[in-house]
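A short worksheet on the structure shown next.
For clarity, chains are labelled A, B, C and D in written order, and residue numbers in each chain start from 1.
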Amino acid sequence: MADTVGFVGLGIMGSGMAANLLRAGYEVVVFNRTPARAEPLVALGARAVATPAEVAVACPVVLVCVSDTPDVREVVLGPQGVADGAAAGSLVVDCSTIDPAGAREVASELAARGVAFVDAPVSGGSEGAARGTLSVMVGGAEADVARARPYLEAVGTTITHLGPVGAGQTCKLVNQVLVVGTMLAVSEALLLAQAGGLDPAVAIQAVAGGAGGSWMLANRGPQVVARDFRPGFTIDLQQKDLRLVLGAADDLGVPLPATALVFQLYRTLQARGLGGEGNHALVRALEALADREVGGPPA
Amino acid sequence: MADTVGFVGLGIMGSGMAANLLRAGYEVVVFNRTPARAEPLVALGARAVATPAEVAVACPVVLVCVSDTPDVREVVLGPQGVADGAAAGSLVVDCSTIDPAGAREVASELAARGVAFVDAPVSGGSEGAARGTLSVMVGGAEADVARARPYLEAVGTTITHLGPVGAGQTCKLVNQVLVVGTMLAVSEALLLAQAGGLDPAVAIQAVAGGAGGSWMLANRGPQVVARDFRPGFTIDLQQKDLRLVLGAADDLGVPLPATALVFQLYRTLQARGLGGEGNHALVRALEALADREVGGPPA
Amino acid sequence: MADTVGFVGLGIMGSGMAANLLRAGYEVVVFNRTPARAEPLVALGARAVATPAEVAVACPVVLVCVSDTPDVREVVLGPQGVADGAAAGSLVVDCSTIDPAGAREVASELAARGVAFVDAPVSGGSEGAARGTLSVMVGGAEADVARARPYLEAVGTTITHLGPVGAGQTCKLVNQVLVVGTMLAVSEALLLAQAGGLDPAVAIQAVAGGAGGSWMLANRGPQVVARDFRPGFTIDLQQKDLRLVLGAADDLGVPLPATALVFQLYRTLQARGLGGEGNHALVRALEALADREVGGPPA
Amino acid sequence: MADTVGFVGLGIMGSGMAANLLRAGYEVVVFNRTPARAEPLVALGARAVATPAEVAVACPVVLVCVSDTPDVREVVLGPQGVADGAAAGSLVVDCSTIDPAGAREVASELAARGVAFVDAPVSGGSEGAARGTLSVMVGGAEADVARARPYLEAVGTTITHLGPVGAGQTCKLVNQVLVVGTMLAVSEALLLAQAGGLDPAVAIQAVAGGAGGSWMLANRGPQVVARDFRPGFTIDLQQKDLRLVLGAADDLGVPLPATALVFQLYRTLQARGLGGEGNHALVRALEALADREVGGPPA
């Protein structure tokens, strides 16, 4: 008989992850607030139930992937939540991105009921979720992480254990600092290239292989040049994560001047109704300042 | 009979490049202000002469690799300079990093004497120069660039033609914006990781393969964690190049807030006598602010 | 018979304000969580009661001056709060600094009970509170503000009505942006003066009367030079207010790059245990970066 | 017989200053590159001559007020310059704003000819020059400054001696840091006020008398609200001075993050053709980012 695992939260990320668990041969019991979102997974062989508690009754290990700290608290600790159905000795693996302190609080409340907790936020976007190539940053006790690992290996290719509960979330915040800071560098570089009379697409090719190279330059640079701002990851979600970053930095006494600047710049794009564009639309803020545009159709 | 090429300026970069021209089978005529620096190349088969003009008399194509705009002007246009020896129809290929306007001025003065000019600044550091794996960013007329290309292919692996004279230098400035901006992102990320209780080395592994990844993170991140600030490229040289960047941005009306911030931060390190450390020592400025250090010997 | 007014919250600011209401001839009924803090006012003629509700029973107008949004909610809307004792037609005048949205929520809940609300945050520090020279920034309906004005004139010299409920708080946030941004300018200026070999005290005299002059330069500049960082307003309180500022700016889509930078800098001082120093200790963050100090005992 | 003094450079500032010297009873010998600009002063009683050297022949003390370091060098040390006519024991008082190192170099070259030098840059704008209410920041030897003082008192009200040659210029740079940093604070504050629904003019009144108050807020704030960007001091001139500031900070190892940010922002306004507007048009850069405008005609 196949191993059974629960999955709560079938958004863009969760749907892909749950599908990969099915593909890996697990029996998957799913719950989503909007039941219609469970249908494609049921078609793939999942069993849908009516509450997170029912997921926990059926499965000793439950993965969660929702939006924010309050959502995690609700589906895990709220009425009919995972904790209501979980037997002592169960394990909750939270793949949402929330603040590290929030993760520690949920873990502590679950521990009081004999339920273990691992935080396991992911990066790699909807494509990574669909392909099972996510990076998973894991925080928790050694034994709990070992127990979670087979499920995480079904959804990701890089599974890194970073420390106790909360450490996975902290590492996810570190990742977000890199993402937006690198995108700021790419934005300034492309603007200088354009203003200096270069073809920005050629300039990217010239430098992408060297010390200035980055995933953002190689992947998002050409999209900026093509004025393709469809989201891999939206500005609105990026800002949600940057609030967590800036909050954690505030708690820890760490100065993040570039990250803070990006946060200010994204905000102006949200105010202009561009919060649904990809995080590489950051360049638009500098463009507004400079009154010029990188790329576009060939002259 | 082998093709003959001239090389003026045998610093760390120039020595490696001239050696690779020899290895590629060219006869190389060299000049360096400090003659002793030519000796290792003479041992490899180069012929040393007493002035840049003599290099030009002997070679229809002369590569130049010196420090700054005034140095280029001196060895090319000064007394006993390349221009004094160059026959009409000769070509000067300047691999120094100087400001784009300076490159255009030198080209214009050479053109008046019937001598062609290509700007071809490189990136990849002393290692890239030694191994012949530099990236070369080229500006100049199509025919001149075609003529320079074989020599450049002997010293680099990525040779990109970006536009008319000066375009190579502009692209080099774009590269520097990426280098320092990415390093700023890496610095903030490592500081947050350390303050958040992560092992920064493990955090780097967890995120380096994703959207926050960069050459700087993969190559300089571990050096920061090991407190190894030996220079690939020194802060002093980086600041010299950032002055060119900020000057060009000033001419072009482009705002570069992150680059400007890095320039301010490196300055404080220079004032503390750290200008000879590598450009990844940028993290030290944030560390001074935060009164904490990333990495170091295990606790 | 003298007019009676209530006062809830006898911290440093509230004590001074309540004392000035007594001096102006009002009968003042007071409440403070720590009853001992009411004693000096009782000695001046105030009547102390046991709950905010009792204050409201005794007085048709109640001024409130506590720390933060949750404190205002507790003393106004919580058990035994002002609202519990207030008759329909009463007026609450909140002199605390809280977020504008919080002020509007409290007003709305009071309105449902027939109680009017005015937000009236103050600036001028403990000295201004003691001397009755505060600036008061008022938000509320015209009639309510008119009713509050006599009491506010007993505690301040500049009473400005800025718009509907919440407008007073928004103006207070505007004031905080000015305070910290000006202090950042003063910090950079003093550091440049010191590094440039000037006597910073003489430099302040030279420029304070001109276009670069400000309250901060004239009043806090000499304190910085004397290394006197005793608080007029602490960094910890300043950061509390800056969180409100940055939150409001986030809601409104306004970029505040200098304010955001100051917030990052103050944080590093808090991490170093300096949160109890005055907000002019901002200069210490730049000093840490520059590894030099403005002022100090004469050489 | 009245004391005779020379004046070289009759731009907006110099014309006003020379006129005040006449009003104070001095005989004034003037030179300006464009002779027509001398005519109004001749009408007031000045004597115009054909070269700076002739001014120096006629006057033992010569004030200079031109645009930039090269201009000072030209009129003082160039052909037919002041130095060509000056007798040993003469004094040159330079009221231009130039870099401190430039001032020290000119002083040193003059000293070799037995001519003394004082740097005495001014602030207060064309109005201050016309009214004789300038602030004068003076660097030089005690005796030279004493000798210059009577002339400076004819043009300004605050004459401050800051140290040896160059100290006046350094103080002028300190003043510029204050001017632009304060204007950045005012810009952020006004934008927040407007976005928050306040009448910015009323908000200015509410806060101008407190800890957030400044000359810029009181004088330029209302102009911003009225969309009056006529220059007291143009962005182009401000940028010229900020280049001196940032260059000096670079030499001294001082970080000026806010000043550097303003320099980046002004640049975008210059690129948009607004370099002739007043330095309070800085707010336009933040407005471009935020896609909203402070003030304007009443709605």
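The definition used in the following text is that a contact is a pair of C-beta atoms (placed from the backbone, for glycine too) under 8 Å apart; a residue touches a chain by one contact, two chains touch by 3 or more.
Remember, predicted model here, so these are calculated numbers, not experimental data.
Student: State which chains count as neighbours of chain B and simultaneously of chain C.
Tutor: Expected: A, D.
Student: From chain A, which chain is the farthest off, judged by mean CA positions?
Tutor: D
Student: Have a look at C-D versus A-C and report the one with more C-beta pairs in contact.
Tutor: More C-beta contacts join the chains of C-D.
Student: Approximately how many whole Å separate the CA-defined centres of chain A and chain D?
Tutor: Result: the chain centres lie 53 Å from each other.
Student: Calculate how many whole Å lie between the centre of chain A and the centre of chain C, each centre taken as the average of the chain's C-alpha atoms.
Tutor: 39
Student: So the centre of each chain is just the mean of its C-alpha atoms; given that, what is the distance between chain C and chain D in Å?
Tutor: 37
Student: Multi-chain contacts only, two chains or more: what residues does chain B have there?
Tutor: 249, 252-257, 261, 265, 268, 271-272, 289-290, 292
Student: Report the residues of chain D in contact with chain C in the complex, numbered from low to high.
Tutor: 100, 123-125, 135, 137, 158, 160, 162-163, 167, 170-171, 173-182, 184-186, 188-193, 195-199, 202-203, 205-207, 209-217, 219, 232-233, 245, 248-249, 252-259, 261, 286, 289-290, 292
Student: Give every residue of chain A touching chain C within the complex, in rising order.
Tutor: Checking each residue of chain A against chain C gives 243, 249-250, 252-257, 260-261, 263-265, 267-268, 270-272.
Student: Help me check something: in the complex, which residues belonging to chain C touch chain B?
Tutor: So the residues of chain C in touch with chain B come to 257, 265, 268, 271-272, 285, 288-292.
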